[in-house]
Amino acid sequence: MANSTISMTNVLEQPAARTTAPRTAIAGIGGYAGGELARLLLHHPRLRGNAPTLLGRAGEPESTSLHYLEDIHPQLAVAGDQHAHPILPFSWNRITDTGTEVLFLATPHEQSREWVPQAIERGIKVIDLSGAWRLQHHTNRAVYKLKDANADHAAQLQQEAVYGCPELHRDEIRNARLVANPGCYATSILLALAPLLQAELVDLEHGIICDAKSGVSGAGKAPTAKTHFMHAADNLSAYAVFGHRHTGELLEQLHITSDQIQFTPHLLPIPRGILSTIYLRLKTKTEAAAITTVLQNFYQHSPLVRLRNTPHLPEIQHIVRTNFCDLGFALAADGNRLILVSCLDNLLKGASGQAVQNLNLMCGWNEEEGLL
Amino acid sequence: MANSTISMTNVLEQPAARTTAPRTAIAGIGGYAGGELARLLLHHPRLRGNAPTLLGRAGEPESTSLHYLEDIHPQLAVAGDQHAHPILPFSWNRITDTGTEVLFLATPHEQSREWVPQAIERGIKVIDLSGAWRLQHHTNRAVYKLKDANADHAAQLQQEAVYGCPELHRDEIRNARLVANPGCYATSILLALAPLLQAELVDLEHGIICDAKSGVSGAGKAPTAKTHFMHAADNLSAYAVFGHRHTGELLEQLHITSDQIQFTPHLLPIPRGILSTIYLRLKTKTEAAAITTVLQNFYQHSPLVRLRNTPHLPEIQHIVRTNFCDLGFALAADGNRLILVSCLDNLLKGASGQAVQNLNLMCGWNEEEGLL
Amino acid sequence: MANSTISMTNVLEQPAARTTAPRTAIAGIGGYAGGELARLLLHHPRLRGNAPTLLGRAGEPESTSLHYLEDIHPQLAVAGDQHAHPILPFSWNRITDTGTEVLFLATPHEQSREWVPQAIERGIKVIDLSGAWRLQHHTNRAVYKLKDANADHAAQLQQEAVYGCPELHRDEIRNARLVANPGCYATSILLALAPLLQAELVDLEHGIICDAKSGVSGAGKAPTAKTHFMHAADNLSAYAVFGHRHTGELLEQLHITSDQIQFTPHLLPIPRGILSTIYLRLKTKTEAAAITTVLQNFYQHSPLVRLRNTPHLPEIQHIVRTNFCDLGFALAADGNRLILVSCLDNLLKGASGQAVQNLNLMCGWNEEEGLL
Amino acid sequence: MANSTISMTNVLEQPAARTTAPRTAIAGIGGYAGGELARLLLHHPRLRGNAPTLLGRAGEPESTSLHYLEDIHPQLAVAGDQHAHPILPFSWNRITDTGTEVLFLATPHEQSREWVPQAIERGIKVIDLSGAWRLQHHTNRAVYKLKDANADHAAQLQQEAVYGCPELHRDEIRNARLVANPGCYATSILLALAPLLQAELVDLEHGIICDAKSGVSGAGKAPTAKTHFMHAADNLSAYAVFGHRHTGELLEQLHITSDQIQFTPHLLPIPRGILSTIYLRLKTKTEAAAITTVLQNFYQHSPLVRLRNTPHLPEIQHIVRTNFCDLGFALAADGNRLILVSCLDNLLKGASGQAVQNLNLMCGWNEEEGLL
């Protein structure tokens, strides 16, 4: 298992940067993450003249599945050409014919679980945005009810899969064949907690409370009673209490147990953005300056994590449509009770932006290229 | 046809008021209009201790269709009893057994077209919130693609149907067996234009432009791509341009032709409320005071229409969750170009509130009872 | 001190109900709470034909301070009369001349601290919506920086002041001369925690976390950078971390210490509504049914508190524009970690609705009259 | 007067492109347009390593006016340096010392009217985002109540000023010393109407109706009753009816008279974006394909104007946070009544994006550089 410990290599030891860009493809272009991924790759300075292959769903007959990116995501249209970016039906022949070296999967987790082994077999690296490959322990993975065609092969790949949080696993990502891109909630909470846990400041006996709030895009593009404007607007609701499936990522990445952390998501009446308010106790009375130092040191080489100065705390507005995660904190006068606030855009740093950050690392480029 | 001319009886000649309240029933309790109707009737001062019978969809087996109002519309729950208001499966036996005298239909128009003749046959009066019975001319009605089991009977009922806009047809409504409750957009536009057309001030040759904007509840409760929060929020879009089916109501009620009026709806990123901006030219140069007088006279006995004083214009915020229609206007310095602004809550004055206003008239009560 | 213990009289021992309604007055009609209070009193079934006197700010010359309610709160206008509800300049003569028996203060806390003794001296009862009289301990009250003209008199009144949370202090409110209406956040948290604390189920050593979120109306009507649409919309931010002034109310009403509770407010991008997510540990392993029983018993005679059945949790949408507080909970599988969710409309159950509930109690009426 | 006729040079005759980028400065960095301008220039590929000088307000003492961009616009912060972009107090010495060649003014119109002559005297080109220099006719300009220190000089500069709508005045902009950047509403309406008026298709006798709707950022950053979240949210209101000051731009740029066009703005409950619905009659019965051809020809060399294919119409969501103007139309079955829909982001194509487009033209670069 490639990322059994938090490695957090903060010195940017980049392998030799690729001078030619890899051919890329995106499968699952129809959803929100797929659209953002297309936007980022189409404007990536290293990929000029080397647009990603855009792929639709599997199994659709050719005749019906020819669409254009601008039909599904009209905000991405270019002037003077409404058919600039065709979407092709998914097929392995098409992917290999175009010489794809890196395949992004913005597909449901069942689909990702099926396709990843098939891609790896063909020598294609994968950055998977689903939850299918993030979890090493099958008890955690059980929430996804995944089925494997070849259980042994899948188990092997699972061990090899790198959890694609660059701030925690930069080195492993650089050399990975399979990157499991983290969950949006998980990213926001991990980036806040990892530095303090690494510094062994947190009283884990007392337990950590993560009260997280997300915009509606996190619930996906399928129209449901929950995503109906009339339900989501002017509302706030808690959901998946004690049972959200991003919890497993927190446990595995932070090396803690389920009774040491509570994570409660809420649905915010906004399109995008996550704010996590995290409550914990420190082992000993601590100065605010010491917390600042821990965070600054941890993120000194991380261009996509911004620390907000006390008394300012991150706000969703400051990170929406950016690839940053903003962190801040407040420490009680007793020097013991700490509140961390973490904000990111669930579709960018929480999904597609982080996926491109992983691509950059895999190519030996600066991790923030195309993301500022 | 009961309402072939705008009758606008502004003197409140009420028939003898009922001293005992009628038994009522609502079919189609699950939608937004059904929920608002339940709320209004449950709190109506004349209906204390006489709650409406709440009915679900037709054809559901008894065992599955037993619900409670508080399951579907939790905002209507009462303290201490989560099963205060059962919803019964629709059946004519149940309706007649409970002695229903007035049946509200908050059902799709196909369903209303089917059920109205069956109710009238049983001696039950109907207030129908769908578009099924609003239009006298079959060319206008064609947009609804209605089918009648008994065409002759339907034609007869259609002639008898009263367009349920109290400010235009108060007298007919008092004595109606079948009230076709107006469309939300239509109500907002009719209430603005009727006084000026009656006063023959409008240059119809020039044509009238109605640029209307509605909150998302107008699009119904079914989750669709259009009602998804991610589409509706932070957005504005025109739709059904040159083809919205409320147009027929405008033509019939205002006695104008389709080349004399243009109606363009837009979807606003808010839950409820309609604002219509209406552009027209006057036949002759006119003073603002004369317009004010026309409106004041027309609505002097209308407790649910409020005129805003120049230079103030109606705003959606002032009418949301009220049963009022607010009207205002601005006249160009040339005394010729007039802009009318009309606002109402599409679920109340544009639907359920107007339905209760019609019930009040049919019972000989003050039309605003239970609506202020 | 009238309310040193949680008395929670749940049997409705009403004193003889007043048969004639008291004359009322509202000072501070311009704000959101003042507007909601006017709406509730104007429609109160016991106050028909007995409208409250509406009063503006002190010290304004007569000529400039004459306004109409419909100018400031156009949603409250009546048809056909744009000057139905005059607002008079504040003066004690005017208040006593109209025979005011109960004065509502929807004024800044400095103003309330000044006016309350003057009202009591004149034999006028007061329901004060500000924070000026809620706190018995001067250390808690220090956040308001209040000054008293007559410190002894103020101290005496402070002792006599009843914290106006009917579910906790019904009896004292019935006989009070001075009711200090609770803070909006405090109400939402107190109603969730009081039953469990009274039942001695909570592990106070571990500490309670209250992560609360409020709509923008809670920030008041003054236009500021924080209440600007561009800051509040599509955003979420924590504020007043470790320092919100409603904290004192929690400590005094729950008889706990500041290290036993943490309260963090957030600003939601919605007009109104509060949702509080409250995290605590139980002293011993407990069944969900036992929690339900504690809540049901505590609120069996409380018509404005609704319990949501597991697994449903309260949502803001269900309480907006109602006078209810909705409560729900989720218990971890370990039977130890409990999450309470509490929702109310900050302007109604969190302010003006609760104020009218207090008026009802003071008059010997059913506490929910005019509030359903 | 440089732009008395619509010149619409659609062939991209670019002068020799600058190989070294000009030094730029932005005055008025605190507002929304200033912030967006900073963002665009900081990321402009031609300006790498050549950041704009950021300037605050005039007249502030040095000690108080030193701020950082990230204090005012935290979304623009970079990781690891909270003081990356200092804001200097405005002074001509500072501007000339840094070698500024192009000065952007995102200042109130009075300020722009004062500073433009002072900049031009110093040989500095200006792109002014205010309304101060857009209007050639003093009757139109009167709405701004401008005062000139040197009336003759101002009159001369006014004549020289180029209206900075690239799609209409590309050639003049390339050689301009003073570009008056268009108003946001005006841009959205002009881009829709100019092609049809140039093609002489519009029945001007009948008159044009422009029903426009804008997000709240158009109302500026000053906290007012109108921009308060509680007023703007869940609302829609018409304002400045018959009197919005962008009207003059429409008259001058389209060479029509005030009785030939009516423009009514509305305030939308969203942060940004404008949608204009434009109603007109064609001189003769026309095919939709002919309209499409006129628009396509007009914009064939305009990379920032996108035409939406019938039946799709532009929506605000598709242009928010882009530098595009999207255009679409619907033609009535009579071939005579035309509805144009135009959408843009008021802060980008309606302000700062268009300003950078003008900079690109002035430098001989592709007009879309840094804007896609």
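A, B, C and D are the chain letters, set down in written order, and residue numbers restart from 1 in every chain.
Please note the rule applied: contacts are C-beta pairs under 8 Å (C-beta built on N, C-alpha and C of every residue); 3 or more make two chains touch, one makes a residue touch a chain.
According to UniProt, the chain labels map to these proteins: A, B, C, D = N-acetyl-gamma-glutamyl-phosphate reductase.
The structure presented is a predicted model; accordingly, all values stated were derived computationally and were not measured.
When chain centres are defined as mean Cα coordinates, A lies farthest from chain B.
Between the Cα centres of chain A and chain C there is a gap of 42 Å. Rounded to whole angstrom, the centroid-to-centroid distance between chain A and chain D, based on C-alpha atoms, equals 37 Å. Centroids built from CA atoms put chain B at 48 Å from chain A. Shared contact sites, meaning residues of chain A that touch two or more other chains, fall at 231, 234, 269-271, 315, 317, 320.
Taken as a graph of touching chains, this assembly is complete, with every chain in contact with every other. The touching residues of chain B, when paired with chain C in their complex, are 43, 74-75, 77-80, 82, 234, 299-300, 302-309, 312, 315, 317-322, 324, 372.
Residues 206, 209, 211, 213, 231, 234-239, 241-242, 259, 262, 264, 266, 268-271, 273, 275, 277, 279, 313, 315-317, 320, 330, 332-334, 337, 339, 341 of chain B are the ones touching chain D in the complex.
Of all residues in chain C, only 32, 216-217, 221, 223-225, 227-234, 269-271 touch chain D in the complex they form.
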